[in-house]
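So that we are looking at the same thing, I have put the structure below in structure tokens.
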Amino acid sequence: MSQYQALKQTCYDANMQLPALGLVLFTFGNASVVDRENRVFAIKPSGVPYATLRPEDIVIVDFDNNIVEGTKRPSSDTKTHAVLYSHWAHIGGIVHTHSTYATAWAQAQLDIPVLGTTHADHLTADVPCAPPMADDMIAGDYEHETGWQIMNEFTRRGLAPDEVEMVLLANHAPFTWGPTVEKAVYNSAVLEEVARMAYLSTTLRADVPRLKDALIKKHYERKHGVNSYYGQ
Amino acid sequence: MSQYQALKQTCYDANMQLPALGLVLFTFGNASVVDRENRVFAIKPSGVPYATLRPEDIVIVDFDNNIVEGTKRPSSDTKTHAVLYSHWAHIGGIVHTHSTYATAWAQAQLDIPVLGTTHADHLTADVPCAPPMADDMIAGDYEHETGWQIMNEFTRRGLAPDEVEMVLLANHAPFTWGPTVEKAVYNSAVLEEVARMAYLSTTLRADVPRLKDALIKKHYERKHGVNSYYGQ
Amino acid sequence: MSQYQALKQTCYDANMQLPALGLVLFTFGNASVVDRENRVFAIKPSGVPYATLRPEDIVIVDFDNNIVEGTKRPSSDTKTHAVLYSHWAHIGGIVHTHSTYATAWAQAQLDIPVLGTTHADHLTADVPCAPPMADDMIAGDYEHETGWQIMNEFTRRGLAPDEVEMVLLANHAPFTWGPTVEKAVYNSAVLEEVARMAYLSTTLRADVPRLKDALIKKHYERKHGVNSYYGQ
Amino acid sequence: MSQYQALKQTCYDANMQLPALGLVLFTFGNASVVDRENRVFAIKPSGVPYATLRPEDIVIVDFDNNIVEGTKRPSSDTKTHAVLYSHWAHIGGIVHTHSTYATAWAQAQLDIPVLGTTHADHLTADVPCAPPMADDMIAGDYEHETGWQIMNEFTRRGLAPDEVEMVLLANHAPFTWGPTVEKAVYNSAVLEEVARMAYLSTTLRADVPRLKDALIKKHYERKHGVNSYYGQ
């Protein structure tokens, strides 16, 4: 029996949450879970519909994208996951979807501005939209470079991946992560709802103001302060 | 056995209506029910997902936010509920959600104008949007001040909470109430639909006119006149 | 046993289709069926939620709005139905909803322009929006005058109710009808979809052109010509 | 027993996918499957609701629109399917729907611009919108000419039907196809989602840029290159 059976099951369960939450159509998404001790991660196989996906279809891959276990081809986004796991030591799971509203913002190449507390309860920055990749990155090792495009944008903006657990990739779609894959799935659903609310507010009022600083600070402290509290 | 068992069950049932009506994602909402005789109210615990919520998880709190019964932490919005129950003697239940369209209007910091009879059958005023709170209110006892921000806006506009049973809080989301928590839940669903229709009418026609005075008066009288009738 | 039992069942079945098709929230709608021989119609009772509605709750009313059979109060829109049945001899059923997109157009006080064949397959005119009622009509016998407002608009525009089986009432919501109540229900669902598509096309392109005359004529003839055909 | 029983079943299964995927209301759509050996195709009968459709209701028609087998009238769009099967030798199935967002673009008479990788993973061109038909084509053999309008637009633009498996018909709605009818159904669902995302991006940002050439090229090669890979 595989030593990675529990990892595969966790990965399978997370992947199955994506269609249940209305975040993926057909095969447009994938979730992965890392095993830091063995420096491998479990990820959805490529092109397998959720309706027929089984736990034993999950592929185990190392940080250099070698298949460690599994008979199927891993997701075409595997190299992007590998880059993030390699460099961001504290994340335990990654989710990629093409959820409708988040993708609409990514296609518009716009950050999602923090307009309300639904957003600020989860992150107090705008959801960053990494710019379109340079032509040589695209022509090169595309999915590997996609990981670097995300990391470089976080560096450029001075964002911490433990604090901002989501990103839009211009022209593409969102990635989210978290200490666990369950949190990464949760973040994908929150991002889609935040993207939808921001779409509605922006089309209702073109000059909609960002959340005032005092509220951003308050919500940051509710979550992070020594006397943190929150949960509704 | 708890003397508040029936109160907890009523509160539980109302909370479970919120995901059933599509008004909450994850834990983004809460409902409470007051027991005026004992000056306590039952409210959803903080951070408990609806899928696993049980009647016995409901927390009993007094008007000074002391836990009277329950092993879980009450909703982080508890102080807002307490302020409203303390000062508005006729309300029996309160519901808070981050429902999508109502929240989009709150983020845009706009009242929802009365544009049709769907709205006027329930309230003949615009749905008021209380302005963003002052910085010192935010830095202070935030959730307690949130209650005051709502009440102060009703006073400033001369609105009666028995007549207008809903409010938007700028940058945040809606609160609704009513003589019973069932009515408060109903009002949350009506508000979301009214917010959606007003969004559509406004984006379709920027100069959409408010409902004419004669219709506002008629619908007020249909509901309140000596010969009141209504129900569809 | 009531001589109207079959009529009540037909009316009940039609009413139950409205929530199933996503056209009503709570009690925001009603369907009626006429019995021309006895000059009565069956209509939903006022204020009864669809979840608890039973066939025996349906009320039988004559064309002068007298209750012929039933223990409940008929829909508050009964007088509007009565006016239409009295004057439009060929209609067999009427449906009133506050369906979201159709109501958004009614609130915007705009006709729904014929933009495509989805619309033209059902009617080759714009969906007419009757203007807001005059103040004296509102202050008077409101629901009775609502029926006249619809009929007067059809007369003013030279529209035939056998040809155009739907109308928007400015500030209010749609009414649809047909030779049978099943057709009236079908028309309500078609109207909502046509209203949604027209909303999307109009917000996508402000100067979206109406359907060209040759296509309007063709679709009219597909439906009405001596060699009529259609059905997809 | 009919020699076309398997063909009918395949056609039936494909048609039933359309309401399951939320792509059709009532009878607003149809799917067909070709049998190239016998130069016939199976298509949905006209006007039969999906709820009551049975495999034996499917009609077998030849490329000249003669009924080969079946007691029902074939879809009113049959002639359009026949033209495409006759001239595009490699397609195995065709689907026509009035899905909401795709139809909204068709009504707006606009191509759907390629704005992101969701689109580019499936086709690297804009989704073409064939212009409104000339008056004489409409007055003539309308549904037959509809097929020619699609083919002429592909010729005019130099598009290959094996590469671009979808089209919008101005004022009307989309058609999709593929090597199998299952692929044609898949393409209809992808088109609707791509149309929805492009609607949102365009209304969010009027000057939204098309996907950069390097990304279009990359996604074309991911799918078609000698080392093609893809599947998520």
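Residue numbering begins at 1 within each chain, and the chains themselves are lettered A, B, C and D in the order written.
The rule is short, and it goes like this: contacts are C-beta pairs under 8 Å (C-beta built on N, C-alpha and C of every residue); 3 or more make two chains touch, one makes a residue touch a chain.
The model shown is predicted, which means the values in this text are computed figures rather than measured ones.
J.: Give the chains in contact with both chain A and chain B, ordered by label.
T.: The shared contacts of chain A and chain B amount to nothing, since no chain touches both.
J.: Regarding the chain A and chain D pair, does the interface count as same (over half of residue numbers shared) or different (under half shared)?
T.: different
J.: Between chain A and chain C, what is the gap in Å from one C-alpha centre to the other?
T.: That pair's centroid distance is 46 Å.
J.: Roughly how far is chain B from chain C, centre to centre by C-alpha average, rounded to an integer in Å?
T.: 33
J.: Considering chain D alone, which of its residues make contact with at least two other chains?
T.: Those would be 203.
J.: What pattern do the touching chains form: line, ring, star, complete or other?
T.: Its topology is that of a ring.
J.: By the document's touch rule, what are all the touching chain pairs in this structure?
T.: Going through each pair of chains, those in contact are A-B, A-D, B-C, C-D.
J.: For chain B, which residues count as touching chain C in their complex?
T.: 115-118, 186, 189-190, 193, 196-198, 200-201, 203-205, 208-209, 211-212, 214-215, 217-218, 222, 229-232
J.: Using the touch rule from the top, collect the residues of chain A that touch chain D in their complex.
T.: Spelled out, the residues of chain A in touch with chain D are 25-30, 44, 46-48, 73, 75-77, 96, 98, 100-101, 103-110, 132-133, 135, 138-139, 142, 171-173, 199, 202-203.
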